[in-house]
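Listed below are the structures to be examined.
Okay, so chain A shows up in both of these, paired with chain B first and chain C after.
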Partner chain A sequence: MSIARPNFQLIAALILAFVISSAIAYYYVVYVMNNTSLLFAQLVTSGLMLGGIYGLAATGLTIIFGVMKIINLAHGELMMLGGFISLWISTFLRTDPLFVLPISFVVLFVIGVFFQSTLFNSAMRYGLNPPVFLAFAIALALQNLMILAWTADVRIIRSPLIDSTVQVEGVSIQLARFVSFILAIVLILLVKAFIEKTMIGKGLRAISQNREAAALMGINVSIVNVLAYSLGVGLAAIAGTMLGMVFSVSPLDGPVLTSKTIAIIVLGGIGSVAGALVGGLILGLIETYVGYIVGSGFINAVALLTFLLVLILRPSGLFGER
Partner chain B sequence: MMLGVDNVVAGYGEVTVLKGINLTVRKGEIVSLLGANGAGKTTTLKVISGLLQPKGGRVSFNGHDITTARTNERVKMGIILVPEGRQLFPRMTVLENLELGAYTKKARTRIKETLHRVYELFPILKERKFQLAGTLSGGEQQMLAIGRGLMALPELLLLDEPSLGLAPKIVKLVMDAIDRINKVDGITVLLIEQNVYRSLQISDRAYIIENGMITLEGSGQELLNEPRVRSAYLGLSA
Partner chain C sequence: MMSIFKNRSLYLFIIATIALGLLPLVVKNSYVIYMLFIMFIFIGLSTGWNIIGGLTGQVSLGHAVFFGIGSYTTAVVWLSGHPPISGIMLGGMLAGISALLLIPTFRLRGIYFAIGTLFLNEVTKQVFLNWDAVGGGVGLYLPIPTVFVLEPFYYTALAYCLVTALVALFVHRSKLGLTLNAIREDETAASVLGIRILPYKILALVISAVIFGIGGGVYTSYQTYIEPHSTFHLEWGIGPVFMAILGGFGTFLGPILGAVVYTLIGQSVATLANMRLLFFSIIIILVVRFMPEGLIGHTKDLVKRLVRPLG
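And now, the complex of A and B:
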């Protein structure tokens, strides 16, 4: 359970999952529902682009777990908070939400610093359970505060800059999705480079593998804890804003997003950034397939079903590397 | 006096392991801490390295009171622990483990020359530098653990059972390296060893710890000739 090098076996298994699910979906969409293969291509592009956003959110969760060994149960709420803050600031400053992304990242990063250095830091002294309960309490508090501040209505974050659709070979691509996807991939790669190449990043990985030994190297474990949590929360804010631009944000969406991101990091191998990306892409795809074939009401069940399947098929294999 | 441990009381939860330990280490020495399992050797090193807060007493280093200093601050001062069971980063390469050893700013600026010195002491590490630490043999892992400790440019190196579970040939290699680290590089060493005979041979002084208290103290040679040590720890006739 650590921030690890890519586990190639796992990546191969995930690619297999991609191929199999796509094959089944293709069969259904083209032969059973009698649609064109162009429509199938449309589903694949939409699914992958949604998956990139999921991957970014899951990257944040996986870093927090790798370093602190805590499942951040407030992750979905923090994503939504990031979305609302972007919406709020962009309305206030009358700028495109795309430009507000860095501000939203910084605001949530600071909130993360506050939560970690005060609340989590003291809870972590009493073992691994109190911080998880604490995260759950934060989730409940945030959800209710957001309802108070912005009501429970569903909001769309409109970005005039990318509020259009382009046609590529007959496949229509929402520009908002495309830009979000590219940005998400770039950010995930940046995070990966950060934890693999920089000294602080190496310290982060060291803590995830052996906390006590990391302290013996002279690494300031409490500061790295703060960094990991805040970085994870900041990434959640960006992913939340992107979701608002592609779909919508609502204070009530937090719990579902938390379970989705947990499902993704279990699917991709906890602690692995590459796994978070690939897991996100697969969940995005499967959700899109199921949404089209079975009905959009079933979308949220997909993540939980995937989660269950993974736990049944490879319970220890995905949680532990040894 | 480089290190002073003054009447330290420490333990885990309700259990008190150290019941008032006094020991000193002077610059340039190799000092051994000997005793049976559970006597409190590892706990003593944990208190010195800051992994465990003592319930009473005082720890000083180069004249500074460091009783409440955090582990990373003590590493900066030059107190480096090579822990029992090596505690490597198993899913990082040998080279990455060594680089992490040089995490402090001071150590980072001299990383090249220290790395060269570590490879000189343990050439096998150079051959294995791109291998994951978790895949090394026990002996290689121990060499890596010591090498990683050296990367931090220690003034005082604390070694917890460096020869535990190693083949006799490797034990000799490791013990010789410790001797050289002290004599050639001038690094002060506080050593816990199962291999009492060999460690007394290379030690300037040694302490015997029993039930959380120091019961005997003397030069390596004195203790080698001490009847109690000969019968209890060396299995020789008194």
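And now, the complex of A and C:
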């Protein structure tokens, strides 16, 4: 999580990738499938807005990895749990889910504190593998508990406040998507500022660079661990709620979301917040293209191909250090 | 080959083979025979997983994909009129070949391999769901035998389990096992000593994938119907991981013990149906938290503690 110096050649390559993939998609949508270019603009907007939510979820994951050096394999399930808790509380209090976001964040934050202090802290002493098993077992347990509590049905979190569509130059934008997108970007920037500017953020970065040295400098490693894990999980809850407002939540979606967020942080460079945002936007965009052109059955293959390609071409990711 | 049998192992192995081979002649209870059939497959799977996961330290969470590939190959070969055994063998081979897709994930250390396998499983499931030639989401109906006897399946699974155990024993006791162990303990040190890491990781992965492919085939030969969701179910990949953790990660006997305990617990909580995974994941959370060395490690401790006062 050290402040990575983005390589400017890479950013150029990135913009090129954006342009090329969009050009190919444009060619297909407009000339091969005979649609208007308006529909293409629609695809780009929905792709980017989906990507913002992905980016937020991936930011949580990347913070957890940066500090604890473990990949939180329960991330997708915790996103869904956050979504369900928002749904539940907003129905219970009869308020708009938008106002429940902070409550959902706090609830998942507390759950994160519990997991980290009772389970991960001790498992981390036995090497790298036990925390992986632990996270995966937690994922399975959460998934089944959620099925028990809310059944495996697909739910939509309705937000009456932003349940409308606006037309901008003929492109229709769902207000829910737009608000989620803006909120996600703002939150990511806030987190980035928090990590780079505050004293606690400095502690996070110090531990991510060298755990022993940071401990010798008087940083309380276990408290920072708890903080990083809980913050990551809390962000996942917000992203999950947004996903529910834009698409849907279901306990069965957890594993796919986990793998997508992992693909995003691998693409963006593990440990980099900027990388998580850019990776999220790219994945959201490409998924939307592929979903429209090839078919929605192939959306999940995009994340796998991205993951494998990045590992082959540039294992450290776009913003990662070599 | 015989040098891998040190001291009592050989006798133990022969006695176990004879006893389990004669068992169906004595026990006529078909529930017990069926439970042993499942147990043999689980033992095979968990020892197979342990070669890449426990011994080499490359944790895989999506080994179900190899199980599913073996399963589908067997079904397709069987339906095209050939005996299922040829399908089982072909399934093992195809599973081994498909494992090569994961080579890029070995470029980085750490968890990339685990994520790659999870991904591969999810995507392969999607492919099979959309692949009409093998039934798509509807699945495949397999030939139903006119006279049903459990014993042939029992012996197939027993043979599978014994051969897998032999392979695992060979891997554990040979130079290969030492090399894999060295890779698990410290890749840098191993490569400094002149071990080429990548070929060994690939070899371990392919061995375990072939074992899973064959296991999928053996299981499918008993089924009358397969479909992607249950065949590529995470449980086929995660169950063996749980068994290995439960018994003792990276040891030879651990996964076998784990598989036996897993089967017994699994059968006794069968009424939980879909909540079985919840039950097992909570057990695993507790095991990782309180006895990270698994049952084997603690049994050894216990034996030592009991024996010390005596001698």
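Heads up, the rule we're going with is that the second predicted complex is superposed on the first by the 303 of 322 C-alpha atoms of A that agree within 3 Å, B and C clash if a C-alpha of one lies under 4 Å from a C-alpha of the other, contacts with A are read in each partner's own complex, and residues count from 1 in each chain.
As a convention for this text, a contact is a pair of C-beta atoms (placed from the backbone, for glycine too) under 8 Å apart; a residue touches a chain by one contact, two chains touch by 3 or more.
Keep in mind the model is a prediction, meaning the values are calculated, not measured.
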{"item": "Chain B versus chain C as contact partner of A:A303, first or second or both or neither", "value": "second"}
{"item": "First (chain B), second (chain C), both or neither touched by A:L190", "value": "neither"}
{"item": "Which of chain B and chain C A:A123 touches, first, second, both or neither", "value": "second"}
{"item": "Larger contact residue set on chain A - chain B or chain C", "value": "C"}
{"item": "Partner chain in contact with A:V32 - chain B first, chain C second, else both or neither", "value": "neither"}
{"item": "In the complex with chain A, residue positions of chain B that touch it", "value": "49-51, 70-72, 75-76, 80-81, 83, 87-92, 96, 99-101, 103-104, 107-108, 148, 152"}
{"item": "Chain C-facing residues of chain A, complex", "value": "70-71, 73, 118-119, 122-123, 126, 128-130, 132-134, 136-141, 143-145, 147-148, 255-256, 258-259, 262-263, 266, 297-298, 300-301, 303-304, 307-308, 311-312, 315"}
{"item": "Of all residues in chain C, those that touch chain A in their complex", "value": "57, 59, 61, 101, 104-105, 107-108, 110-112, 114-116, 118-120, 122-123, 126-127, 129-130, 234, 238, 241-242, 245, 249, 274-275, 277-278, 280-282, 284-285, 288-289, 292"}
{"item": "For the chain A and chain B complex, residues of the former touching the latter", "value": "2, 4-5, 199, 202-203, 205-206, 209-210, 212-221, 321"}
